[in-house]
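Heads up, there are several structures right after this.
Two complexes, one shared chain (subunit A), two partners (subunit B, subunit C).
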Partner chain A sequence: MNVKMKISHPQLFFFIVQTQIGVGILSLSFSVHEEAGWDGWMSVFLGGIGIQLIILLLYALSSRYPEHILFHAMELIAGRLTGRLITTAYTIYFITVAILVLVIYKNIILTWLFPATPGWVIQLLLIISAWYLSREKLHIIVRFYVFVSALFLLVVGVLLFALGDLNPLYIFPIGHHGIGPILKGVMAAMQAMLGFSVFMFIFPYIEYKKKRDVLKTATFANLFTTAFYGITVLITMMFFSPPELKLVPQPLLYMLKTFSTPVIDRLDLIFLAMWIVSVTTSLMTYVYLASLSGAHLLKGVKRKKLTLWTSGAIFFIAMGPTNNLTISKFAEGVDYFSIVMVIVIPLLLYLLSLIRGKPSSKGGQQHETTHSS
Partner chain B sequence: MKRLIPLSLAILLLLSGCWDSRQLRDITIAKSAALDLLDDGIYQSTISSPVPRKYQAEERTLVVSGTGHTIREARMALDGKVSEQIDTAKLRILVLGEPLARKNIFPPLDIMYRDPRSSLGAKIAVFDGVGSNLIHMKLTDKPRTSEFVAELLETAESNTIVDDINVQLICPIMMDPGEDMILPYIGVDEEDNPRLIGNALFNGDTMTGSLSVEDSTLLLLMKGKLGSATFLTEKVHQEEEEDDKDNYITLRIRDTAASTEVTVNHASDEVTANVKLTMKVEAIEYPHNELTEKENIAKLNTSLEEQFTAEAGEIFKTLQESNCDALGIGRRVLVHHPDFWDTHKWNELYPEITIEPEIKVEIVDHGIIN
Partner chain C sequence: MGLFKAFKHTKNSAKKGQKQEQLVEPPDIPTFPVSFDMNKNRRYIKETLYYTEDLVEKSLRTELPGTCHLFYIETMSDTDKLNSYLYQKLRDIDSEVKLERMLQDMDSAKMVHLSDAVSELLSGKSILLLEGKGHCYILSTNSVVKRDIGEPDNEQVIRGSHSGFIENIGVNIQLIRNLISHPTLQVNYTTLGELSQTKTAMMYMEGRADPEVVDEIQRRLKKIKVDQLLNNGVLEEYLEDNIYSLFPQFISTERADRAALNLLDGRILILTDGDPTVLVLPVTFFSFFQSTDDYNSRWAAGNFFRLIRVISFLLAVTLPGIYIAIISFHFEIIPFGMTYVIKDAVEHIPYPPLVEAMIMELTLELIREAGIRLPTPIGQTIGIVGGLVIGDAVVNAGFISSIMIIVVALTAISSFVVPVHEMSMAMRLLRYPIMIMASMLGFLGIVFCLSLYLIHLCKLTSIGQPFFYPFAPLNAKGLLNRFIRLPHTVYVENSPKKKGKGQSQKS
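Let's look at the complex of A and B:
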C-alpha cells in the first residue's frame, strides 16, 4: 500500500472531530438541560471524560491488530461466523446513524429554513453530496474535512454576538440538581459526541511512528470536541433562563435569531445554511463506514459501488419518519444501539482477545484488507 | 451515458427554481405592529406597512387592523383586508396596548416566539392607551411611526432611560421566577405626539406599574447598564431661593460600578438586599460655579449621594408596590441560598424584603471651566 494513501495525524484529528461535530450542537444544550437543568454544562464535560475512557478501550482493542481493519480483526478474535455477524451489525448501525442524522437535519431545515420545500429534495441534495465524496478514497475524504474545518471559526464567531447579553447567574447554584440527573445528562451529551469511535475502524490506514500516537490524536480530538461543545452549551445556558430553555429545542439557532447585523439580517439562517457542510461530513463518515464494513462482508464487490446502494437505502428509509415524536423515539433507539456497538461489543471483543492471546498477523490478509480503502 | 447522468443532475439542480422564494410583489411588509386587547376579550392586531409610490418622494403608509380570538386569527382577518400576504419578518416595532399589558403578554407573544420567520429582533414597547392609536398617528417629521418609535427608543437607550432589549431578549427575564422585566413606556403629550414617559413595570408577564423617566435612569444604572450619553439632573442647593435655577446640577455619567448583594436571615426569614452603585460623573452644567475648591466638590459629592440614595429608596418602594423584581434580587437568592428559595414563594416575599441603596458619587471632571 502506498504510504501517500495513509492519513496523517492532523487529518485523523479532523476526521474524528468532523464526524463528532454535526447536527448535535444545535440542540445539545436543550437535551442536557432536559436531564440536568442548568447543571447540564457539567454533563458535557463529564461526557468528555467518559468518552476518554471509551477511547482507551477502543484503542486497546484496535491497536492489538494494527495491520487489520477491525472487521477483519473480529473474525480473528471471535471466529469467522461471529465476526461476520458483528460486522453486519456494524453495517446496520452505521446506516441507522446516517438515517438519523439525515432525518434530524432535514427536519431542522424544514422548520427553520425552507418550510415549503419538499423534504425529499433536501434529503436528496444532502445524500448526493455525501455519496459523491464517500465513494472516494479515505485520504481524499479527510482532505475535504480538513478544508471545511474552517467553519468551526464560524461558530466561535457567532457565539461572540451573544457575549453582551449573557447572565452568568442562570447557571448557578452549581450542582443544584444532584449527581443523578447530571449523569443522565452525560448520556445525552455523549449522544451528541458519537463518532469518536471512527479511529478504530480505520486503524490500518493511519500513518504513525508509534501506535500510541493514534491514541494521542484521538485524545486531542476528544478534548477539542468537548471544549467546543462545553463552551457552546455554557453560553446558550447563560443566554436563556432555565424556564425558557425548556421551550427551545434548538437553543443555538434560536439565540442567533435574536441578533441582526447591518449586513446579515438573520444570522440563524446563514449559520444553518453554512452548517449543512459540517452535518454532511458526519453523514459522509457513516456512509463511508457502512460501505467499508459492507465491502468486507461482500467479497468481490467494490466499496465504491456499495456507497451508491447504502446512500440509496439511507435516502429511502429516511423518508419514513416525519412525526417529531417518532423521530425522538428513533433517536432514543439509536442511543441504545450506540451503547451496544461502541461500548459493549468492543469490550467483549477485547476481553475475548485477551483470553485467546495475540494471534500472529499474516501478511497476505493484511494486503487484502487494506486494499479496499 | 456516464457523462450524461452527472450533467443532467447538475442541470436539474442549477436550473430549477426555489420553493421558498417570497417575492416582494406578493407580500405586504409590516414594519410596525400593535397588539391590543379589546373590551370583549378579543385581540386586535394592527400593522403599518410602507407603500412605495413611483416617482414620488413622499412615503405613504398603510395601516390596517384585524380582530380575533388569537393573534393568528386577528392576523388572518388582516390578511383579508390587504391584497397581498402580510409578512412580519421585517418587523421593527411591536407595540403592546396597556390593557393587554395589564392582562398578560406571553400568550399573544407566543406566535412571535414560535414562528421561525418572525422578527425576534423587533423592539418592544408598551403604549399608554390602545396600541393601534400609536400606529395610526400621523407624524410631522417622520414618514413612518415605526421609524419614529425605533429612533425614540434607540436614543433613550443611549441615554440609559430604557434597556437595550428586543422581543427575544425579554423572554429569559419574563420566564425567570427570580427577575422581572421593565419595558419602555410610551405615552402622548399635550399635542398628541408620542413621547417616552418612562418604563412599564412587570410582574411575570403582567404590567403592574410604571416608573418615570428620571427614576428609570437611576434604576438602570443600579442594574449595571450605562448608555453612551447618560445625564442626571439633581437639585443640590435647597436654601437659596431667590434664583431657583442656580440650585440644579446636571451630571454626565462617565462610568459606573453596580452590584447587588443579598443576605438571608434564616431564623427570621428576612431578606436584605444591598444595592451598591458607584458613579464617576462629569458636571456638565452647574451655574453655581464653585468647583475650584476640593471641599466644595466633596460637599457636592456627599449632597448628591444623599439625594440619589433617597431617590433610590423611592424607586425600590415603587418596585415593591408593583411586585416587580427588576434588579433580579430573587435570582441572587436562588443562586446563593437555594434552600431558602425552595421553601419560600418569592413572589409573595418580595414586597416585604428590605432593599438598601448605597450610592457613591465622584465628580471627576467639570468641563473646561471650573
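Let's look at the complex of A and C:
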C-alpha cells in the first residue's frame, strides 16, 4: 500500500465526524424530547459515554488485525463462510443506512423547500454527488470531507444567533423524567450519532505511528460530536418551551426561521440548501463502505464500478418509503439493525478472536488489503 | 455489415499509415557521409532541399589548391557576418593549418555527415565544403529576428518589472537567468514536433523542484508525438493530467518575473521557441489568484486584493444562478424592505428568469468575443453599442429586468478580476450549469453544482500534485504560505523538502 494513499489523523477525525453529523442534527432535539422531555440533553451526553465504550470495543477488535480490512479479518476469525456472511450483512447494513439518510433528507427538503418537486429528483441529486466522490480513493474522499467541515461553522453561527433569546428555565427541573426515559432518549440520540464505527473498517488505510493513536482520534471525534450535539440540543431546548418543542419536528430549522436580517430573510432555506453537503458526506461514507465490503465479497469486481451499482440500488430502494409512518418504522428497524451490527457482532467476533488466540499474520494474505481502497 | 466495417477499418488504417509516413518523411534525412567527390556533395545538398530557390551556393577560391563551396540559405543567414568574417579572412589563407585555425576561431563545427549538416543549414547556419576532404564545416551565420522586450499587454502590473517574454527561446532563458543567477538553475532542451522541429526547454531549480515531478514531466514530454508544435497550448494538452476538466491545470505567463518567482517556489517552466508564453507547472488552484503585484504592494493590501479575487471567482460563477434561484423559487428570502423594489422590476418581464439570464449572459459573451480581436477604435464602438444601447434599450423595452442587468454587469466585471486568462475562461463556462440547475432546483441546485465542482477540484491533480492544495488536503502552514500573503519578514517554516514529506502524510 502506497504511503501517499493513507489518511492522516486529522483526516480520520473529520471522516468520522462528517459521517456522524448529517441529517440527524436537524431533528435531534425533537426526537430526544419525545423520549426524555427536557432532560433530553442528558441523553445525548450519556449516549456519548456509551459510544465511547463501544469505540473501545471496536478498537480492540480492529487493532488485533491492523493490516487487514475488517472484512478480511472476519474470515480469519470466524472462518471463511461465516466471515463472508457477516460481510454480506454489513453490506446490507451500509446500504440500509444510506437509504435511511436519503429518505429522511428527501422528506425534509420536500416539506421545507420544494413541496411540488418529485422526490426522486432530490434523491438523484444527492446520490449523484455521493457516487461522484465515493468512487474515488479514500484519501481523496477525506480531502473533500475536511474542506466541507467548514459548514459546521454554519451551525455554530445559528446557535450563536439564538444565544440572545434563551430561557434556561425551560430545562429545569433537571432529571425530572427519571432514568428510564433518559435511557430511552439515549437510543434516540444514538441514531444521529451512528457512524462512529467507520474507523474500524478503514483501519489499514490509516497512517499511524502507534495503533493507540487511532483510538485517540476516534475518541476525539466522539468527544466533538457529542459536544456538538449536546450543545445544539441544550440551546434548542432552552429556545423552545417544552410544549413548543412537541410541535416542531426540525427544531434547528424552526429556530433559524425566526431570525431575520436586513439583507436576507429566511435563513433556514439557505441553511437547508447548504446542509445537503454535510448530508451527502454521510451518504458518501456509506456508499463507500458498502462498495468496499461488496468488493471484498465479489472478487475481481472493481470497487469503482461497484459504487455505481450500490448508488443505483440505494436510489431505487429509497423511492419506496414515502409516507411518514413507513419511514419512522424503517428508522426504528435500522436502529435495531445498527445495534446488532456495531455492538453485538463486533463483541462476538472479539470474544471469538480472544478464544482463538493471537492472529497469525501471514504475509501471503496481505494482498487482500491492497486491491481495493 | 461486419464485413463492411472491417473493410472500412482496414481502408482507414491504411490511409492513416500512408498519411503518417508522408508526414514523417521530410525531416527524416538518411545519413549521408561527406563524399570526396565535390559534385556528389553539391547535388546531395540541393536535392535534399528540393532545389529551393533561397539556397545560395558560392564557390570561393583561396591560395590553397581546390575550390571551397559555401552553402547557405539566404533568408536565414546574415550576409554581413559572412562578408566580414569569412570572405575577408579567406583571402589571406595560404596553408591548411591557417585555414583550420581560422575556422576554429570562428564559431564553427566540423561534421562528417552531410545529412547532419543539412539540418543545421535549415536553422540558418552555412556549410563550407572543401574539395577532397571527408568532412565539412558548419559556420554559425544565422541571423536572428526578434522583437523588443516589452510589457505583455494582458498581464500588466502597476509596480515591478515590465519585461516580458518574446518569441525567441534564447532571449527568454536569458531573461530568467538575469533574475536568478544561481548555479542550481537548470535548462533541459528537447525538440518536439516531427515537422516543425521546435525547440522546447524545461527549466527548474535543482533541489527546489520536486524530483518526482521533474521525472514525470520528462516522461510525459518524451511521449509526445505531434507533427507541429507551434505554441504552448498544444503542449499543455499533452501534459495535462485531466484534459476533460474545465479548470486549467497550468499557468501560462508572459512575465519574466512571475516565471522566476515560480521557479524559486519549486515549480517548473516549459518554454517553447516561437511562443512568448511560458508554462508553469505544477500549480494549485490558488496560484491563479495571485499576481506579482501582491508581493510588491503592502502586505495588508496584497491580502485584501487576493480576497477580492477569490470573492470575484465565487460571484462570477454563482451570481446569475442566485438571481435565478431567488426569482423563480425563493422569493421569501428577500427582506421586507426590498420586496417591492424587486417585484416592480421583475413583474412585467415576459420571460422566465433562466431565459432572461441566458439572453443577457450570451449577449455579454458576444460583446466580449467581438471586442477581443478588434482594433481599439472599433472596440470602443462595440463597447458603446453593447453596453449602452443594448443594456439600456433592453430594459426600456421591458425584455429584461434592470436587476438582471446589474447581475450581468457584476458577473462580467468579476470575471475580469482574475489575473490569469485561462481561469477567467473557466469561470465563464462554469456559470452555465449553475444557472440551469438554479432554474430547476433553486438553491439546492446551486449547492449541488458547487459541491460537484468542489469534488472535482479535490480529485484534480496537476502533474500528480493535488490541485486544491492548501485547502484539500488541508495544510495550515501551506495556507499561510500560499493563500495568505504574509509580510516578507515573517517566515513560516515549510521548505520544499519538508513539504514533500508533509504531503505524503496529509494527502
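As a working rule, the second predicted complex is superposed on the first by the 373 of 373 C-alpha atoms of A that agree within 3 Å, B and C clash if a C-alpha of one lies under 4 Å from a C-alpha of the other, contacts with A are read in each partner's own complex, and residues count from 1 in each chain.
Everything below uses one rule, namely that contacts are C-beta pairs under 8 Å (C-beta built on N, C-alpha and C of every residue); 3 or more make two chains touch, one makes a residue touch a chain.
Only a predicted model underlies this, so the values are computations on that prediction, with no experimental measurement involved.
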**OP:** Please work out whether A:I314 is in contact with subunit B alone, subunit C alone, both, or neither, and reply first, second, both or neither.
**Re:** neither
Original post:
A:S260 contacts which: subunit B (first), subunit C (second), both, neither?
Top reply: both
**OP:** Using the superposition on chain A described above, determine whether A:V103 touches subunit B (first), subunit C (second), both, or neither.
**Re:** neither
**OP:** In the overlay, answer first, second, both or neither for which of subunit B and subunit C A:I55 touches.
**Re:** neither
**OP:** For A:V214, select first, second, both or neither according to whether it touches subunit B, subunit C, the two together, or no partner.
**Re:** neither
**OP:** Using the touch definition from the top, say if A:V233 reaches subunit B (first), subunit C (second), both or neither.
**Re:** neither
**OP:** Check the residue A:I95 against both partner chains and state whether it touches subunit B (first), subunit C (second), both, or neither.
**Re:** neither
**OP:** Quick one: classify A:L133 as touching subunit B (first), subunit C (second), both or neither.
**Re:** second
**OP:** Determine, under the contact definition given at the top, whether A:W112 touches first (subunit B), second (subunit C), both, or neither.
**Re:** first
Subject >> Common interface residues of subunit A - those touching subunit B in one complex and subunit C in the other >> reply: 113-114, 117, 121, 125, 128, 260, 265-266
Original post:
Considering the complex alone, what residue numbers of subunit C touch subunit A?
Top reply: 329-330, 332-337, 441-448, 451-452, 454-455, 458-459, 466, 468, 471-474, 503-507
Original post:
What residues on subunit B touch subunit A, complex-wise?
Top reply: 9, 13, 18-20, 89-90, 113, 116, 120-121, 166, 168-169, 171-173, 175-177, 179, 328, 331-332, 334-336, 338
Subject >> Of all residues in subunit A, those that touch subunit B in their complex >> reply: 111-118, 121, 125, 128, 165, 167, 169-170, 172-173, 176, 239-244, 247, 254, 257-260, 265-266
Original post:
Which residues, counting only subunit A, touch subunit C once they are in their complex?
Top reply: 3-4, 8, 10-11, 109, 113-114, 117, 121-122, 125, 128-129, 132-133, 136, 139-140, 143-144, 146-148, 207, 260-266, 269-270, 273-274, 276-277, 280
